[in-house]
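To keep things simple, chains are lettered A, B, C and D as they appear, and every chain counts its residues starting from 1.
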């Protein structure tokens, strides 16, 4: 089973930042159909801040990295997504403690704790048409990363026919059906980035060695 | 030479009211190109008030009818057109004094005095792209009514290439060229209505006998 | 482009610089995104803090000053501010009598303010919170995030602000705010979508000849789309919705609010229709406010808020207030 | 339809009914179309009367009250009122010290106010008149109807209103008004056309990606159309146009005015840019007002007005005013 260090988490979050930046206007578009047209810019701003913070003062353990990233999201995103995604990462980080390296099973458990944190903070269950619809099946599939990616994408897609019961889409009542939930869409991006990071590590021959990305060069520093 | 009484003036102003109401949105459209999009509703409101006032308390002489109509325009139109058209009719009415009947030559002179009043109040000369461009050639052609109509229409059409020097179209500078002046357009309607009234009288065999209009039934009352 | 901006990312920062320049009587902290009463903290006075996404101006920043808020925390456009702002605001305005957070009921606002309250209490500041949830367009609130906070926020901030200014303790200021919140009901109608900087265009498409009933203040589509209605018909529909939810048993404060792009001329005409319906339904209007107060950027449309008042609330409403957006008395 | 109205013909009457309901402190005469200070005529005080087409609210009706106008005459939308209104207003506010007409320089306003002045003087009321003609976008004023009156009107009405309130005689009030008028310069920019009730749609088509420079307040097209500019570029262009026409030699009052549909958030951001340019050009700003004060229905856009003040004008500016649209001091 692969071992994950701070560098792995950083690569994940950098990949997530890229994905979110690339898809920002799609996320905002989704949010304008059933929300307030800010989800893309919120996520881009938050993840750009995460990347900057981690580049500036990189924690040396995966738990610390997740906690710093979570705190950064809370301090920069705002809206519903800020506290929720911030809690996802912080709760996962807390579950990992200060261990310098963790295996995939520990990481999966930590992320499940993170999603529990999201669900308990936001009070949303699967089927409420929120990010939880993508996150919960994804972390359940971990540590099988490709399965997690697929579960997240399917979970997100499954929000389309739903009537929202949480968040501002819920104000629309029946008019919320027929649209993809923007938070579920961004969750699928985050899980996809995680799977990419894992795949890059695997390609490079296992452990936490860097992938093809620029960040990979620093993989051995830790 | 035909004789004109109060009834003739009333028929003219009723026909003018009809023409202005029919073309109100065209006048407003013209005014929105180089003005403030109110000329049609201003003229419709004012002439409807004239018709109502004259129906209510009809003066028995043409001069009095013109003066009442002019005062009504001043009290109901506002904008530039109100005082200007009001002055046109009032000055013409003053020139006619209280004579119960006047001939076409007197009426033509009175209307020339009215146009002088407009020009001196507004300070506009022919070529400034205002109602004067239609009014002045028209009253010069009187008492040849068909020629007056044609002169008004040509005078109005001639405003198209001009750069406005008076009224709010002048603020546009060169951008005022290429558009028909709304006040010149409404002046052509008023002169057209006058020519119609005269033609209706002539058709009915001269003097001030009524035309085909509903108002014609009352023509003998006066 | 209908927007007078530099770049979408700079909108809120630029606005704060401009506010600082226009209002020397306020302390505007662009870096930390705070608008604070210049004499804060006022010793012994309860501090009143609110905030929310930007784009609703004058709410909340324009309501900072004697008799109303002590501090406002502006978020990005239509995005709740972050907890750091509110914690800092609480520290800046706590005069030893504690701080009241006035929170519009949106998931984001609630989560961020709650996190901030925890942090502020860790710092030794006593914090109470009142939720504004006045929008009757949100039905089935059991199956939603609950009712939204909209126009009623103005009443809560003004009335609680007057109570705080008069020296009431935290529990009392919070009770006034809660009473004002519970007594407030709003309903909104959009005639156009707002243009958000992030999207660079309208949030939703509203074809000519249609309007949205039951909108919030974030450019979300409403509950229902209908062919255009006259001002009189909109007043009938709106007031009926308000009275069906809560029939006042005493005099009310009336807010006829523009969403940002509806001219005052039209709002006053609409007020005439609203007053007609209220008179027909025998509701007594004690005070009226007509204008663009709780807006949604450049959205055309309006909302109506009723807030039932007793003698004390009416006295608090009439009490002096001195802010950029609301000013009267001494 | 972006309009909250019943029928186009009823807009002004409906608005007056709604104003009457919202402002018991004013006397609103719907039949004769007048908004009058309730305690008018104030014995011995000069009466200040203004008016113009509707659609510019809060100008002028929202500026009636102690410290500003004694009466306002609202015309139809974008149409100067008729002489009967002004004559009646003059009679209603003449406290024996005469009446000053504040007239924006448009052919219609000038002609109608002049007719009214004649009639009022026939009735024994002493009338003086001051023209506001502050719009620097109108060049070659020899070949035009002269400069338009726009944002500077607010300064003239406030400063002359304060002088009248302080008991100055007619000649002095007129002199203050004339000084304020001569010291004021404005320039406006449209990001969209207004929607007029009479037309039921926009007055001009402004394609996305373009703006109009040098507009007035009646939805007339401007002098020039350009590709969109940033807030900073618009501020540079606008302030340059103002300073090229008149470089202040002392402190100025600054009005950063919205045309009706530009959000306060954007106006404040624009104010930051205007202040930057003014600082670069070493112009000292004594006071700033940011908001929708001299509007053009639901037009998006802004205008900037500078009014150079001496110590006395500044004192008059700071003097108390109590109207629906402008209120401060005691």
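We adopt the following convention: a contact is a pair of C-beta atoms (placed from the backbone, for glycine too) under 8 Å apart; a residue touches a chain by one contact, two chains touch by 3 or more.
A quick map from chain label to UniProt name: A, B = Dihydroxyacetone kinase subunit L; C, D = phosphoenolpyruvate--glycerone phosphotransferase.
Note that the structure is predicted; figures quoted are calculated from it, not measured.
Shared contact partners of chain A and chain D are C.
In this assembly, the C-alpha centroid of chain C lies 29 Å from the C-alpha centroid of chain D. Taking each chain's centre as the mean of its C-alpha atoms, chain A lies 75 Å from chain B.
With centres taken as mean Cα positions, chain C sits 33 Å from chain A. Between chain B and chain C the centroid-to-centroid distance comes to 54 Å (mean Cα coordinates, whole Å). Residue positions of chain A touching 2 or more other chains: none. In chain D, the residues touching two or more other chains are 77.
The touch graph of these protein chains is an open line. Chains that are in contact with each other form these pairs: A-C, B-D, C-D.
By the touch rule above, chain B contacts chain D in their complex via residues 28-29, 32-38, 40-42, 45, 74-84, 121-122, 164-168, 170-173, 175.
On the side of chain D, the complex with chain B involves touching residues 8-9, 53, 75-84, 106-108, 111-112, 115, 137-140, 143-145, 148, 196, 198-199, 203-204, 216, 218-221, 223. The part of chain C that touches chain D in the complex is made up of residues 1-7, 10-12, 14-19, 21-22, 54-55, 57-58, 62, 77, 191-192, 208-209, 211, 228, 230-232, 234, 256, 260-273, 275, 285, 288-290, 292, 295, 297-298, 300-302, 327-328, 330.
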